[in-house]
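The same subunit A turns up in both complexes below, where it pairs with subunit B and then with subunit C.
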Partner chain A sequence: MSAPPAAPLLAIRSLRAAYGKIEALKGVDLKINPGEIVALIGANGAGKSTLMMTIFGRPHARSGQILFDGRDITDVPTHEIARLRIAQSPEGRRIFPRMSVAENLQMGADATDCSEAEREAGLERVFALFPRLKERMTQRGGTLSGGEQQMLAIGRALMSRPRLLMLDEPSLGLAPLIARQIFDAIRTLNRQDGLTVLIVEQNANHALRLAHRGYVMVNGLITLEGTGAELLQRPEIRAAYLEGGRRG
Partner chain B sequence: MDYFAQQLINGLVLGSIYGLIAIGYTMVYGIVGMINFAHGDIFMIGGFIALISFLVLVSLGLTAVPLILLIVLLVSMAITALYGWTVERIAYRPLRHSFRLAPMLSAIGMSFVLSNYSQVAQGARVKPVPPIITGGYTLLDNEGFVVRLSNVQIVVVITTIVLLAIFTWLVARTRLGRDMRACEQDQTMAALLGVDVDRTISMTFVIGAALAAVAGMMYLLYYGLVDFFMGFVAGIKAFTAAVLGGIGSLPGAMLGGLAIGLIETMWSAYFSVEYKDVAAFSILIVVLIFMPTGLLGRPEVEKV
Partner chain C sequence: MTGERVTAPTLEPASASRGSIAAFIFKKALISALVALVLFSLMIGIRTEAGPTGQLIYWTRFPELAGMVAAVFAGSIAVELLRLWWGPVGTVMVVPPKVQSALALARRAIAPLLLIFTFLVPVIFYQQRYILDLGILVLTYVMLGWGLNVVVGLAGLLDLGYVAFYAVGAYSYALLATNFGLSFWICLPLAGILAALWGVMLGFPVLRLRGDYLAIVTLAFGEIIRLVIINWQSLTGGPNGVSGIPRPTLFGIPLTPADDGLAAKLGIEFSPTHRIVFLFYLILALALLTNWVTIRLRRLPIGRAWEALREDEVACRALGINITTTKLTAFATGAMFGGFAGAFFATRQGFISPESFTFQESALVLAIVVLGGMGSQLGVALAALAMIGGFELFRGLDQYRMLVFGVAMVLLMIWRPRGLIGHRAPTVYLEHSQAISSDLVKEGHG
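Showing the complex of A and B:
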């Protein structure tokens, strides 16, 4: 890492959010510095995906504050948040099934009104990471395999030239080889372009190895934070997220 | 054969009008999942605005028919689009996150509001206009039986084709069209990608209303009359066309429109005029029994 970052790119303060009466976030504090990869780990239903969506105002925060680059975005409408160059590859990938791969990527480019040259450069970058997408450009999104859809969801997010990239379970349901390919791609983007990444993962081992820092979320609250290496050593993390299956 | 050819021409013209209205139903259904029951009345409003702007232009002393028609077309598209936008804004948007039936009930209410408003503002009598486009071509003259293609029919069909071409290009190639399709497929994701969903939905209503206005004007030209109640039957027919073609499918709406137009015309020609509506709706039922998603519709279940 280069010079110590002055101000966090994203700062979340005592954020609360709910779906109807069910409170999903119960006062979350989190920050992401520019150029960092931050991992968010936790069990199913802990509120990880909700946190990512709440940053985009869906659901809207009940209380608390979300600051992006020093600006309060808590009440900014969802579509304007995308224009600030925050991109998300959401839970379930959510690619547009009846649009071609090219159009899906174009939707990403549209998010930030980039120039023709920037769009071309973006496509080059996506194709360099996921050459498979180049072969599939005219194919409809819904006909891609799961791994290809994941690549497309990440590629689409990258097309908006994000300052903050949020990835929700990029390795879910993927063959280990493809999962590794995706993690490698994220690392490359971070090292080469200084891209700031927030990654939610079930695969805590992979995520914490990749990340500079990590947060552990339990029942809508952050219970632990630390560097990736620190968290990997914590016995409670090892028991709950890394070896839980084996110890049972 | 000559008789059939003549009915084919008539059916295609009627079908073009239905198709233009049906697109509005199917677009709105695709993007917000509701049936806009006020759409037939938007078509009626379009007919009235075409009539009024026609009379205004004539009283201003304009005589060049093509110029008049062009101005009438643009004016009625613009003003009717404004109606479409307003209806969505005041009657549907506030209910968007309410229970599913709420916007539909509101749409039925808007349908009454629009037709009663026209009745009050314009009177209940049928408003005739003298034929604006006259003349035509005799395609066949077989011992007194004449197959005629009138200039009005040519205008209706060509206008429909041109508008459909523009519309298809808009949906397939432009940013607005892409945004509309994105909203249709996944509104939340569209918003995450910077699409202003409310604005895109508004535009859908605007475009649907503009096409309905064209249909209204074509109806005025073709039948030479408008009345405040004409939106009801035409709306139901166009809705049937949209369902027949597969609700949510744009080519389906046009195909359904043509099918309904042809069925109605052929039934009137060979069986009885009184039962033409029964014929159209019966075919709908038969098609839906064997193809529940319509001719070009897709099943609801998506492969994930």
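Showing the complex of A and C:
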């Protein structure tokens, strides 16, 4: 990604959102170009997940603007945003435990108007990316391991053939090796299919290595932005997110 | 533990602690007896009554109290021994493969066999009106159970006011038929539509509620409908109910001894049993329709969305499922079947009053769904048979009937915490079925 195209796929302008009186986003600006992986890092409670959910319409933005492919989606209801082919893999995976893997995947396509052929193609693509899911197709979602559940959550989001995939903490609670597999899969998706990805992570090291660009969020504001490599070199990032843990 | 099964059976330390087990059981029984003593000392030990001049007189009943405490003591020991004999609840029992395959065969055969038997009931028991009536009653509850199953079992919306839709259906048919002379076959869909409308009406205010809160509001809704029926005397006749509700006809041919009746047309001798048999097949058809529609819907995106909603509402939102329409369609579909059943109830009884639509009915139908295993069609049918049929079976026990019933329910919930048929059949099949069955792999929410 040497020269980013002029029109961003997603543009967020001075976005504010709140839960009751507690303001979680205090004027966020962010943009994602087509074909990019953008990482959003920050501490607990910085507002990363809120930003992702506000893009999806819940909580609703108090002020500011969200543009997707040039269209203002700030006031579009949640269930219609998915039809614009923005997909989300929520925090904590949230697969459907009593439904089979195949049913879980079908759920991803249900909200969009996919044809039967598109569903089949979607399944093939997910199974090519995560062969493990194919083996476990008839198994109940709740019987999968944590890593497999994360694969399922990503696979489910992919079933709607998204133009923008948003992942909330995909490495949460996973063993390092499994987390690497997940990140590799995201990289593959981006390189092979040109999928645009927004990834929210606590694991800053992994996320910034993977991403083309990154944003750092503190207390509801974007404090830093730059390419992944740049941010990795910043001393304050190293102190706060990469080496800080060793001392605490 | 939320009723999940434990994979690794906890091994009992063999003979080493036989004495300590006995001591444990004895101690537990002693504590239970002590609690019973405290509880029953006032409830049973002392009996009070108003004397002839209005003063309070009381006398003691120590022998009864002693008997009660002894019963609790002995019962506690018996329960503990049973538990010991069974091993810890939730362990995986090793079943030989032959028995397993036989069980699987039985499981697959039970539904068709039950259906064939049900079809033959009027033939076998033609002379026994009591059994036919009981069969109609059981089928009515099977239908209600299947209807509520859509709301509670599939969509996971706890509805304690299901009887409201039953009432709406019954009164719709009763009032439309007695006031406008509409036939049963016109009123049946109307009753379903009206009940579905009321389902949506209930659905709207409770869209944001879940679990306990939803249960309370639906409970209130059921009571509101009943109270409106009681108090709107000019329309519903209030507590006097509606009488003279027309009997159903076989597409216009009445089942009466009259010259244009079915018996006369077929040239056979009239018998009142004809109508009973007709009603039996009518409710059977309605129940099967409910079942068929539910099974079809489960395979469509809307049915899948209901189940997903039961599993995780947040995830549904993230996938762009429209929560509002999903919930409302679940309420409306469940209510519609309740309405059909209500219309049937009205035409069978010929008379309806608010007394038939109390909370007890809602509770009974909900119990059928829960006992049957939420979401399992066969389980609900079996539970309805056991609850309604079993209730009749123990009629000879008089006041102990409820006791037997309660004990049976407690035991069932200990052994099968997910209901009679607790496993859920997947609805999506892909070309190659895998060797690993989901039943063999125990669930662990991760």
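Quick notes on this structure:
Following the convention adopted for this analysis, the second predicted complex is superposed on the first by the 243 of 248 C-alpha atoms of A that agree within 3 Å, B and C clash if a C-alpha of one lies under 4 Å from a C-alpha of the other, contacts with A are read in each partner's own complex, and residues count from 1 in each chain.
Rule of thumb we're sticking to: a contact is a pair of C-beta atoms (placed from the backbone, for glycine too) under 8 Å apart; a residue touches a chain by one contact, two chains touch by 3 or more.
Keep in mind the model is a prediction, meaning the values are calculated, not measured.
Annotation for the three-chain superposition on subunit A: subunit B and subunit C clash. By the document's definition of touching, neither partner reaches A:202: not subunit B, not subunit C. In the superposition on chain A, contact is made by A:102 with subunit C only, not with subunit B.
Residue by residue along subunit A, subunit B and subunit C are tallied for touches, and C comes out ahead. By the document's definition of touching, neither partner reaches A:219: not subunit B, not subunit C. Of the two partner chains, both subunit B and subunit C are touched by A:58. Within the superposed three-chain model, A:139 lies in touch with subunit C and out of touch with subunit B [touch as defined at top]. Of the two partner chains, both subunit B and subunit C are touched by A:90. Using the contact criterion defined above for the overlaid structures, shared-chain residue A:156 touches subunit B and also reaches subunit C. Listed for subunit C are the stretches 3-11, 39-47 or 237-245, of which 237-245 clashes with subunit B, judged after superposition on chain A.
According to the touch criterion, the shared surface of subunit A, contacted by subunit B in one complex and subunit C in the other, consists of residues 56, 58, 78-80, 82-83, 88, 90, 94, 96-99, 103, 106-108, 110-112, 142-143, 156, 160.
Listing the residues of subunit B that touch subunit A in their complex gives 175, 178-179, 181-182, 185-186, 188-197, 302-303.
For subunit A in complex with subunit C, the residues that touch the partner chain are 56, 58, 78-83, 87-90, 94-100, 102-103, 106-108, 110-112, 123, 135-140, 142-146, 149, 156-157, 160.
For subunit A in complex with subunit B, the residues that touch the partner chain are 56, 58, 77-80, 82-83, 88, 90, 94, 96-99, 103, 106-108, 110-112, 142-143, 156, 160.
Only residues 301, 304-305, 307-308, 310-312, 314-323, 424, 426-430, 433-434, 436-438, 441-446 of subunit C touch subunit A when the two sit together in their complex.
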